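After the structure tokens below, expect a handful of questions from me.
Naming follows writing order (A, B and C), and every chain is counted from residue 1.
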Amino acid sequence: MTTLLEVNEIQTYIGQYHILQGVSFQVRKGEVTVLLGRNGAGKTTSLRSIMGLNPISDGQITYNGKDISKLATYHIANRGIGFVPEDQGIFGELTVEENMKIAMQKQDEETLARMDKILTLFPDLKTYWKKQGGYLSGGQKQMLSIARAYLNKNELLLIDEPSKGLAPIVVEKVMESIMEMKDETTIVLVEQNFRMALGVGDTYYIIDDGRSVGTGNMKELAENEELKRKYLGIA
Amino acid sequence: MDLLLNLMVNGLATGMLIFLLAAGLTLIFGLMDVLNFAHGGLFAWGAYCGVWVYGMTGSFMTAIVGAVLTGVILGYVTERFIIQPVYGNHVQQILITLGLMLVLSEMLKVVFGPNQIVAAPPDYLAGSWQLGDVVIIKYRAFIILVGVIVFALVHYVLKNTKIGLTVRAGVMNKEMVQALGINIKKVFMLVFMIGSAMAALGGVLLAPYSGVIYAEMGMDFAILAFIVVVIGGMGNFVGSLFAAMLIGLSGAFMTYFVPDLSLAVNMLLMAVVLVVRPQGLFGAKG
Amino acid sequence: MLKHFNKSPVWVLISSAALILLPFVNDSRSLMIMITQIFILAIFAMSYDLLLGYTGIVSFGHAMFFGIGAYSTGVLLSRFEPTMLWLLVSIAVGMVVAAIVSYFVGLLTLRLSNHFYAMLTLALAGLFLVVAEKWRSLTLGNDGFTFRVPDVMRDRLSFYLICLILMVAVFFFLMRLTNSPMGKVLLAVRENEARTQSLGFKTIHYKLISSVVAGVIASLSGSLYVLSLRFVNTSVFALDVTLDALLMTILGGVGTLIGPIIGAAIIEVSHHWLSELGKSYVIFERWIIFFGILYILAVMFFPKGIVGTVKEIRWKKKRPSKVETNNKNKRIAG
């Protein structure tokens, strides 16, 4: 399988804090790559650095064989990377419809077909189509955010902790939707919920203290008690 | 009765002018997090250029177009060369836009001379209508009409077009707008240019209304616009209309009854809002 | 940061010694008057630096406090006897009024963002200007009025020395203040207010103290200013006064105290020079434009000012390192 995204030894500062001190990982086309690690390890910053929201000071990010590390965020997005941020980034005073409309880059057949698929996948969005985003429940916000990223023909989705703060039954729903999208899209997932990560992930990378410290097949990690205890705090 | 109505029309007309100035200020602040202290300078430039064009061509409508164009151009230059280089640094922005304000008003004196310039409405807008007991001065009604049209237009664009959606979304979350593939810098520039054009329009409309224009008028009106922005809620377009009407009306009535206190009353209003509802009377939730 | 190698107190002492001697060496009256003005404006600019440089607050209404001091002194000395006692009372009254006004302005806006403070102070200073213009029975509006001053102050030499002493005193007072534990908190507020707050400091409290102290000192400079002119009119409340303080502080170097003094000297000297030029070339009559442009360029390309830049160069020579201090508003993500 070909590599879609390659993150190579990136360094990121936020203010005077050296958050990423050498994160590297490779994302293979068609896979779900999961970034694991403790709170504050640098997972969110890694995604934000790929999007250009926290620009890197050193290292390289290659997407589809091209260096995107110096590009502006909107260029990166337009190259086909969709982003679902940690706080979902819903525009609270815009309706669900308007939130989708703003994300829609083209109004061709394909996009409309994807819109239909989204609405079957997340019927809630249809129900609350005219409701302001700010009044949605946490799970609905998450679905809207994922839907927004999925609406355009993005080759890669970066999804940051979709299970955060959601009830188990909603987590199931979100997991299902990710499995559904997996067929046509490559996904990088930051996830604290190990069960969910195990459910959808193919490859894992562990990030600790701003560095990549381990990688492998997700199924193998499930059996590697030592790694799990050391970096993830689970046994 | 006659007096009250006249004061009201007067207040609404002044309010509309302040609105044209404050609307741009509030939109720019909401979207770009930039409080443009030079905004009043654009207002004054609109007035001077408009009056100049009026004098050259004799057509007031051409003068309005000229003023709006002046606003667009100055807005572009300001955004590109003054605001962009210090983007993200609040203190620098605040400092630099005040400096620009100074340069803009001094430049007016260099280009158009240091003295006041007289302006009068065109014939078809001069005089008044007599409706029974009530006298309505045409030019004031014209200002109110233009203000309403501009408000409706901008409001429609904000509500119903993709660019309007983008602006509203940008007010809430700039990062996400960019992550959805939109070049927010272009949106910034557009909003800045539109805001400046509105300010310049306000300026040229003021000229025949007050009869004279002078270089410091920008700052005088900018202070009223700031008060409006605070009362209406920073970044709140609709709020700025209501607040501008409030300030315009209170100004008109105060000027008639207790002229010395009119600015003080507006300041007091602002102080009360700052204490009770710092997000503004019409401020959004959260 | 850079404060470990601060030699400015020494320099201030040496230069003030030289300045004490100056009138005895060179007896040019106009030079002495100009330098006296520089001392007064330096006091004003230093008070501004406490706000802008040490607390990170942008005030556009500093003229308000300058004017309060100016009118307190002017009005009291013209209404009562021009004695030292009344002079001191008038200065004290100005300071108290300035303290009260700055306290309430601060209370209203300091908990909100920088924009509010800048805007409100601008509007309030405008209000003071209007009041001064309208309250003609007290101020005679823009025409202003002259008044008599105590004999000691009439003597240009003693006034020169008094202003010099006051400037040095204010310098050391502010130096002390900014190096005190409170000053450290102020700097922390400037760098990152949210974090300072989360460390348990009531930042509003510190910002208030800073704005009151700045207001009081500005009032003192206003009193001295009208003493030097023996005349006061509404121009003491004008925006130009605030802009002068801004320009002096920024050009000289924010957060350095010595910078505003240097800035005051440069601006005052060029004021004179440009108005002289204005007599021969019309364009220089509008010399404010040059200051405005200079100011914009300074903010854009030279934000550390003369002193800050010199310090930075010396610092870089001592130990090259890449310290990043911008982007302070970004959040820290996991």
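Before moving on, here are some points about what is shown:
The working rule: contacts are C-beta pairs under 8 Å (C-beta built on N, C-alpha and C of every residue); 3 or more make two chains touch, one makes a residue touch a chain.
For clarity, every value in this text was computed on a predicted model and none was experimentally measured.
Centroid distances built from C-alpha atoms place A farthest away from chain C. Chain pair with the highest count of contacting C-beta pairs: B-C. Here the chain at the heart of the shown protein, by mean C-alpha position, is B. Centroid to centroid, with C-alpha atoms defining each point, chain A and chain C lie 52 Å apart. Rounded to a whole number, the gap between the C-alpha centres of chain B and chain C is 32 angstrom. Chain B has its Cα centroid 43 Å from the Cα centroid of chain A. Shared interface positions of chain C, defined as residues touching 2 or more other chains, are 326-327.
Shared interface positions of chain A, defined as residues touching 2 or more other chains, are absent.
Interface of chain A with chain B (complex): residues 51, 53, 72-74, 77-78, 83, 85, 89, 91-94, 98, 101-103, 105, 134, 148, 152. Interface of chain B with chain C (complex): residues 29, 35, 37, 82, 85-86, 88-92, 94-96, 98-100, 102-103, 106-107, 109-110, 219-220, 223, 226-227, 229-230, 234, 260, 263-264, 267, 270-271, 274-275, 278.
Per the touch definition, chain B reaches chain A in the complex via residues 162, 165-166, 168-169, 172-173, 175-184, 284-286. Across the complex, chain C meets chain B through its residues 52, 56, 58, 60, 108-109, 111-116, 118-120, 122-124, 126-127, 130-131, 134, 239, 243, 246, 250, 283, 286, 288-289, 291-293, 295-296, 299-300, 303, 326-327, 329.
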